[in-house]
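Let me give you the structure first, and then I'll get to my questions.
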Amino acid sequence: MSEPVPVVEMTNISISFPGVKALDQVSFRMFPGEVHSLMGENGAGKSTLIKALTGVYSVDSGIMTLSGSRVAFTGPAQAQEFGISTVYQEVNLLTNLSVGENIMLGREPRRFGLIDWRATRIRAAELLTRLHLDIDPNSLLGSHSLAIQQLVAIARAIDVQAKVLILDEPTSSLDADEVAELFRVIRSLKDEGVAILFVSHFLDQVYEIADRLTVLRNGSLVGEYLTDEILRIDLVQKMIGKELTLLDDLEKKTHDSTSGDDGETPFLQAIGLGKKGAIEPIDLKVYEGEVVGMAGLLGSGRTELARIISGIDRPDSGSLSINGKPGRLRTPRAALSRGVAYSSENRKAEGVVEELTVRDNIALALQADRGWFRRIPKRRQDELTASYIQALGIRPPNPDALVKNLSGGNQQKVLLARWLAIAPRLLILDEPTRGIDVGAKAEIQKLVVNLAENGMSVIFISAELEEVLRLSHRIVIMRDRTMVADIQNDDISVESLLAIIADGSILEDAS
Amino acid sequence: MNRIFASRLFWPVVMLLALFIVNLIAFPGFFSIELKNEHLFGSLIDIVRNGAPTLIIAIGMTLVIATRGIDLSVGAICAIAGAVACSIILGSPDPGSVGTVVVAIVVAMVISLVLGVWNGFLVAVLGIQPIIATLILMTAGRGVAMLITEGQILTVNSPPFKVLGSGFLFGLPVATVIAVAIFVLAALLTRRTALGLLIESVGINPEASRQAGVRSRGLLFAVYTFCAFCAAVAGLILTSNQTAADANNTGLFIELDAILAVVIGGTSLMGGRYSLLGTLVGALVIQTLVTTVYTVGIPPIATMVFKAAVVTVVCLLQSPTTNAAFARWRTSLSSRTRKGVAA
Amino acid sequence: MSVAPFPPATGAGRVLGGIRDVFTSPKYGPVLVTFLLLIVVFAVGGSRYRGFVSGPVILNLFVDNAYLIVLAVGMTFVILTGGIDLSVGAVVAMSTMIAASLLQAGWSAGVVIPLILVVTSVLGLLVGLMVQVFKIQSFIATLAAMFLARGLCYVISKDSISITDPFFVALAQTKIPLGDRMSITPSVVIAIALVLVAMVVLHYTRLGRTVYAIGGSEQSGMLMGLPVARTNVLVYVISGFCSGLAGVLFTFYTLSGYSLTAVGTELDAIAAVVIGGTLLTGGYGFVLGSVLGVLVLGTIQTIITFEGTLSSWWTRIFIGVLLLVFIILQKILTARRR
């Protein structure tokens, strides 16, 4: 069949922010009546591309055409006029209003200047029927599940005569039945000729619903593929990419450490640990001095598991024991007091306290542990700060600098210093090397090796497989909120890891 | 270091100095302080005495605001503390004895601390927004005070009690000495221990603090209780000064003055880093403003108009919109000069 | 979380479930509780005093609280967006002062009343701009307005000024008879008319729906393309206008202007709105609920007056307790929905 005219075509689009090139010469197109999936890890440029498409960001260079005619958006309203509608991950609707009103808000039919509620309800009901949804338009949106709210958001989106419907992570909080319902709606829209951009971390879902894929990595286009023609393993490899082995000076560590020895009590043991909507029940052991790498795509449950282990979120099933002693870690404080520290992937929101100084940030956890009354003496603070500034190479080496004025890599080091200062027995590092420069990355990797050699256990979470392979004694792989593999790191190849992440099956040679 | 100091205290101090100059012009003897009967007298002494209650409450308020909170109930607590103390003194057979006054003060303080714990409970345990949580006591508190005074203005004639509001110690007004003591107490308590760091940390980023093991619940209880403590002290001073407990008017609008002092002092209402020194200057600015209005000969009741102007100006100066506009202006200036150089 | 939107329902079970749903809904629950509360309060009054539940008493409730109803209407708009207006009491006092002083100076009522409404609306506009453009928290911005208004009162005069203007006196003395021994004042008519207009605005205009949208989520409202900024300013203009109107009604009631009048009235207005079922965090609530709130407060006041021995300060304590109960109720209802 001859290729029809794309409804959206972006050619060599570039967008820069101060200090970052968010999109570099990216081309992208969508055809009517097709589900297109945009793939990539964190920082790949997906959300920037979506925001360019919806007119939130203006494009620095490149050409954008809609149904063949060239456009340049000046704002979201204009993109909507062209028939581009978006449903965001956090449903941007109003739970305090009715379903019907949420669908029609801002364009209710009016009579004599006043809203005609009857006509509004009828129109909302029509749109719901078009999606085959049996929902009372008068009911309060907040009384429905997130899945229904998601569908209502779609109903609102298609009312503006949508030609293009963008669904950004629509399934991240839905269960299997709800996903099926969503897919039914997507298919019926597709049959009506709407082009749908489906962004999801779940490979199975992408393979189930998408016709075509575009893969981005680090702001650049990797390629456009038909879903039928690309193997999962190839796709994952394209998303994650191969990092240049710049870090060869890091000794390939030995795998003969203590892990897995029979009879030894693991430092941490989780049995059937799970939380509805976050992770399926999981068993996990971490031995003293062991680096456990945790691999998996974004949204695979890796962060969720780490948060439960470290007392930040509460599990609703399973048990946890530390040093053989069972005990619930109900708060981060409880976890910290038993030697479990978690360094969040969300550095700014949950990690550093930006308005405080480097010194205060480093001292925070130690101080919280000592209690408010026993302040760490000023001299001790200075020594502590100076030693970590030196050991981790924090720049600028000024203990009184506000953390908000530091670069991402240095903020990460400050955060690491905070956890190291309390000398935890198990340190969980969630994406500690994301978004920081290569030099800082190598230093953090070296640090992890050293810590383990000194007897600390480390759970190292990263999307970069080379990094995980280089550092870990053992590798745990998460996929679709469950653990699919727990293997010793004996000559595992990146390819076999990719295979597990992509297909969820352990290859023969991997174990 | 120099720059940080400048940005935080610079404007409040400038404001204070400007007010001093205005006073000096209107009343040349403004800075003169005399020693009469071993007591200091003068306009400046009046300022530090009359400003003491506001300062005391503002100290407590600073810590509450540092945790991203606010306490609207301090005025009501002032009234309750005054009412309790006066009714005990009046009810005792010997209103003039020191023992009676001590009992009255202790009971008033304990009741106020309970009210502070109540505020802390609503905020820390029930998770109600601070402005709403303390609104409850702000509304009901004056009713409680009237219940205690049975709707009367309780006039007390008790020399030991009167010392609080109008006595002198080491030549200085007792109220001022108490204010200084509480200021020093708060400064030592938060800066010599880790309390200040933990409070700021919770105020700036509650989630990061939680993950670092900071127990915010206890901190919230502590700051609201301390704020109520400050309010009670201020209430007793005010009551003693008027030698009467007036449930309707003791500490009326003082919560607003206290918040104003904190804001002028450069502590952001969004919580986080606080400056007790700034609050001190802020409280002095407010009291000097009141005095200025007197000395310049404007009808004193118009003070509120000036306060309104100060709140507005300070808030506008702190507003993110204004800052962004300034930043844009500065970049456009610098880029223009750069272009000029290039050309 | 199930995908089925409707639970299987059969006759009675469905009705019971429906009742439970309505009561636990953050939208209707608090209002219904308020309505029941009003009935209970009335029943208490009726069981204690002969002639409590009678036409004149009920109508008097409206007569005495007409200005508070007007204030509560304005406050409802502000609180629905998640803001708060602390300036209303001071603005009422300022309005009475402007009215009294200008009338004393010989201005005609036909000029004075519109002037007051314009002045208070402009003050609201300034507050709205501070909140919206300069991102100043509403309580601080309205605090500044409160200081300003109170201060201006004192600037006008620190003494009470009585009003002898024939138009005001006539309105103060006019009684609109409603059958046997019962009557209302023109103020009540004005207040009720305002309530009706407010209901229409909130429920049938884009402005009103945007007010609810802002209270639900300002961010979402903006993404849905609603005029969030304009509406955020307008609610304070509306509240300013209502405060001015309440001030005018207050002068009809007292025939004087006084600087210290209506101290703490902002708390009564806020309490009435909250007790009337409007969530302090915004997004849920009805004007009619606020009217119910005013009536609850008024009835409690009436009972205390009837009681004689029970002193007036109990009103404040009751209001505080009711505030507490309703705030906790709101907390529970919204927490359940998260």
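Think of it as A, B and C in the order they're written, each chain with its own count starting at 1.
Throughout what follows, contacts are C-beta pairs under 8 Å (C-beta built on N, C-alpha and C of every residue); 3 or more make two chains touch, one makes a residue touch a chain.
This structure is a prediction, so every number in the text was calculated from the model and none was measured.
Taken as a graph of touching chains, this assembly is complete, with every chain in contact with every other. Pairwise, the chains sharing the most contacting C-beta pairs are B-C.
If you average the CA atoms of chain A and of chain C, the two centres end up 46 Å from each other. Averaged C-alpha coordinates put the centre of chain B at 31 Å from the centre of chain C. Against chain A, in their complex, chain B makes its touches with residues 1, 192-195, 197-198, 200-201, 204-205, 207-215, 219, 272-273.
For chain A in complex with chain C, the residues that touch the partner chain are 76-77, 80, 88, 92-97, 101, 105-106, 108, 113-115, 117, 133-136, 139-140, 142-148, 156, 175, 177-178, 181, 277. Interface residues of chain C facing chain B in the complex, by the touch rule stated above, are 84, 130, 133-137, 139-141, 143-148, 150-152, 154-155, 158, 259, 263-264, 267, 270-271, 280-281, 311-321, 323-324, 327-328, 331.
Listed in rising order, the residues of chain B touching chain C in the complex are 70, 126-129, 131-133, 135-144, 146-147, 150-151, 247, 252, 256, 259, 263, 269, 299, 301-309, 311-312, 315-316, 319-322. Against chain A, in their complex, chain C makes its touches with residues 1-3, 5-6, 21, 25-27, 200, 203-206, 209, 212-213, 215-217, 219-221, 223-226, 283-284, 337.
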